[in-house]
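In what follows, chain A forms one complex with chain B and a second complex with chain C.
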Partner chain A sequence: MANKDVLIQALNYEEPARVPWVPYVGVHGGYLIGKDADEYLNSAELLYQGAMKAIEEYRPDGLPIAFDLQLEAEVLGCDLAWVKDNPPAVKGHVLDKVSLSDLRLPTEGDGRMPLVLKTAERLVQEVGKDIGLMGLVCGPFTLGLHLMGSKIVSKMVKKPDEVLEVMGFCAKVCAEMARMYLDRGIEIIAVVDPMTSTISPKFFDKFVVPSYDPAIEIINKFKAYSLCFVCGNATRIIPNLSRLNMHGFAVDENLDFKYVAEEARKNRKAFAGNLPLTTGLLFGEVEENIQYAEECIEIGKGPGFILAPGCDMPYFCEPENVKAVAGLVHGK
Partner chain B sequence: MECVEKLVQAVMEGDDEVAAEVAQEVVEKGEDLQPVVAKLTEAMRELGKQFETFEIFLPEMMCSSDAMTAAMDVFGPKLGASGAAKKKGVVVIGGAPGDMHEIGKNIVTTVLQSDGYEVADLGRDVAALEFVKKAQELKADIIAVSALMTTTMPGAKEVIRILSEQGLREKYKVIVGGAPTNGKWAKEIGADGWAENSTDAVTLCNNLMGVE
Partner chain C sequence: MGKHVLIELFTLDSAGCAPCTYIKEVVDNACSKIDGEVEIVEHKIKDKAAVKLMKERGVKSIPTICINSDIVYESLLPEEEELIKEMEKRMK
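Moving on, here comes the complex of A and B:
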């Protein structure tokens, strides 16, 4: 049996043969191979090496290709600030300089797309049979924030039509990015939209849910799997996430995982979470991390459950902590 | 409806245009601004509470902040004259070096402003030395550092280090906050206070300044 089979079982809402385990190794892959985050996220070779090292050390069932929510925004013209121990951050919002109609959909040759897509291709070829590779795309609301800055949030009240128009464009970018991954044989697409924890269920349904449709449509066309990742205290929108037309969703440690499991199960959806990143994987002791993982498994075990950290693993995560969780999953 | 009530309602509903208009009416009527500002402050405190308990969400909170700012901008020049704005203190706030999160900091800023503080917001990703320079320039009482990531938390410690190095530590109260921070860490780095949210941030500042 391939490792990824248990993950696929969970995504199909079946009872997996054992607990599926997906460590979100993003910039932390750079740490694993002794490279700074900025260098790591700018090299197909390093992204490949980091992923291979993570596979060797952490024995995952699924793994993201690159965890950088700024990839699309950069291509669209946002200025990034690069640092050595985090993914880059958007510092200049492109819609402050140009209007929406000036923006074009990203293509495969733009910005850092080629190196991410090349990494995807190479990993699919070399480990795709055994590992459920995940293509991460920036969620439309978070991309909208990158493009417009935080005024997108107040404009949801004051200028809803303007926001809906921006979201419409972001939805297309999201679908296009998903297509690029899917074309390379990626089987799981995660729409990562951390900003969604800041709005009400009503606004989530009005502004965000429709913006996932184009991506969902293309993912379904490829018969691939879809997940939605949120971040922060998203308690109020958990029922809405569970109702999305996706295979499942992922949450971080800011919420009650028991409630998440209940809500996901109402709609037979996969749910991933929620190992604590900061208090656990980054700063915790090995024993604590085993305990946290046991607690997650105790709450989640059964159909649909995927054991995963809350979000992108911090650069300096303690590898021994992650290995201990892998050991628990694999029975040693 | 009476002007003042209309103004409070505009702030609660987050309508900055109406807030500015009605604030203008209030000024033209020559109303005593002090009780008006007190009512608005009360409304903002209430909104802050509703926000922390998820009765309202970020879009609503940001709109109300904007409406409050719009009203205060209209009052601004008149406030000094009527003696209404006895400011409680001067706060210099900013995001820790390398931190691009701004939402929480912005909320703390407006809530402090509506509670009677003069707040200079230096934005996000502010160099540690910049906090100190600005505090000196504005003769601030409080330096507030917002850190949303474990990797940017050391920036707050750096601000305190620079203050000590320049012999200025006693001149300012340093407060810290942001999702991954806590009171224990704040003590460890030698800060004067920590607050979990904007409502508590006001209480913290009031305590540090010895005001209500």
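Moving on, here comes the complex of A and C:
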């Protein structure tokens, strides 16, 4: 059985013969090949090399093409600040400069889209049969923050119609980005919306849940798989996440994984998590990481469970720690 | 001497993690509108010392905003006006 099939079984809410394993190698792929994060995220060749190195070293069942939630925002006109050991951060919000009606949906030739899509094409061709390649798209609420800035929170109370309009646009961007990946043969789309853990369940249902519909529609049309990634302490919205019309969701280490497993299983959803990023993969010893992984597996084992780090792996993650987790999963 | 308040942010890194970036942004915006001296310290848990401090202080998740050592917002993006009120309450 191919590694990808192990992951697909979990996404279908089945229990594979072994635990599915998805290391979220983003800028860490640059570290693996000796390149800075900014250079890495600006080169199709380096993204390809980093992914291939991660496949060789970490023996994953699934792997992101790129983990950069600022890709869409950059195309739409937000200013980015680049550093050597992180993905870029948005520093200027485009809706401070122009109105929403001035924005156009991203196209395949805009910004860094061509290099990410080229990487997707190449990886699909070379390893797509064996590895569950994941197209990561910036979730609509996180994109809304990129476009509007943190004032979106006040406006959810004071000017909800304005926020809903922005969210409607972000939903279209999210669906369009998913389509670009799906057109290239990517079979798993992760809508990565980390900002959702910072709002109430009520606001999540009102402003965010409907914004996932266009992406879900196109993912289903391609008969592909859908996941929602969150981070931070998302405990408040776990029941809401498990009710989404997606195949599953992924959480980070800031919450009770037993509770996550229980809620996911109420709705027969796949759930991924939640290896500690800093205390484990970044600073921990090999033995500690094996212990963390064993604890996750003990809690999560069964249908739908996917072993994964809590979020995008830090640039300087210790490769031996990640390899140790891979060894545990593969039994050697 | 004027009034003073200490804001501590526990983050992964506001330079590369979206929730941390926006927590920092809302704090910066609030601080620019408050009357008094504000000291902002970011504890990035990509540094071992920050992980140790996080445990000592009982901070359980990131991003977290502490005001004068009180844990005020954990994984919650506050409205700017609400944050200003919380800061003003603790001005000394």
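Here is the rule we go by: the second predicted complex is superposed on the first by the 332 of 332 C-alpha atoms of A that agree within 3 Å, B and C clash if a C-alpha of one lies under 4 Å from a C-alpha of the other, contacts with A are read in each partner's own complex, and residues count from 1 in each chain.
Definition applied: contacts are C-beta pairs under 8 Å (C-beta built on N, C-alpha and C of every residue); 3 or more make two chains touch, one makes a residue touch a chain.
These numbers were taken from a predicted model, which means no experiment stands behind them.
Peer 1: Identify whether chain B and chain C fit side by side or clash on chain A in the overlaid structures.
Peer 2: clash
Peer 1: Regarding the shared-chain residue A:69, is it in contact with chain B (first), chain C (second), both, or neither?
Peer 2: After superposing on A, A:69 lies in contact with chain C but is clear of chain B.
Peer 1: Regarding the shared-chain residue A:325, is it in contact with chain B (first), chain C (second), both, or neither?
Peer 2: After superposition on chain A, A:325 lies in contact with neither partner.
Peer 1: Would you sort A:142 into first (chain B), second (chain C), both or neither based on which partner it touches?
Peer 2: Second partner only.
Peer 1: Hey, is it chain B or chain C that touches more of chain A?
Peer 2: C
Peer 1: Once chain A of both complexes is superposed, is A:89 in touch with chain B (first), chain C (second), both, or neither?
Peer 2: both
Peer 1: Figure out whether A:231 sits in contact with chain B (first) or chain C (second), or with both, or with neither.
Peer 2: second
Peer 1: Name the contact category of A:198: first (chain B only), second (chain C only), both, or neither.
Peer 2: It touches chain B and chain C both.
Peer 1: For A:182, decide between first (touching chain B), second (touching chain C), both and neither.
Peer 2: Touch status of A:182: no partner.
Peer 1: Can you list the residues of chain A that touch chain B in one structure and chain C in the other?
Peer 2: Correct list for chain A: 81, 83, 85-86, 89-90, 150, 153-154, 157, 198-199, 232, 278, 282-283, 314, 316.
Peer 1: Touching residues of chain B toward chain A in the complex: what are they?
Peer 2: Answer in residue numbers: 14, 54, 56-60, 62-63, 66, 98, 100, 102-103, 106, 125, 149-151, 179-180.
Peer 1: In their complex, what parts of chain A are in touch with chain B?
Peer 2: Residue list for chain A touching chain B: 81, 83, 85-86, 89-91, 150, 153-154, 156-158, 198-200, 203, 232, 235-236, 278, 282-283, 314-316.
Peer 1: Flag every residue of chain A that touches chain C in the complex, lowest number first.
Peer 2: 27, 37, 69, 81, 83, 85-90, 142, 145-146, 149-151, 153-154, 157, 194-195, 197-199, 231-234, 254-255, 277-279, 282-283, 311-312, 314, 316
Peer 1: Report the residues of chain C in contact with chain A in the complex, numbered from low to high.
Peer 2: My answer: residues 12-19, 21-23, 25-26, 29, 45-46, 48, 51, 60-63, 74-81.
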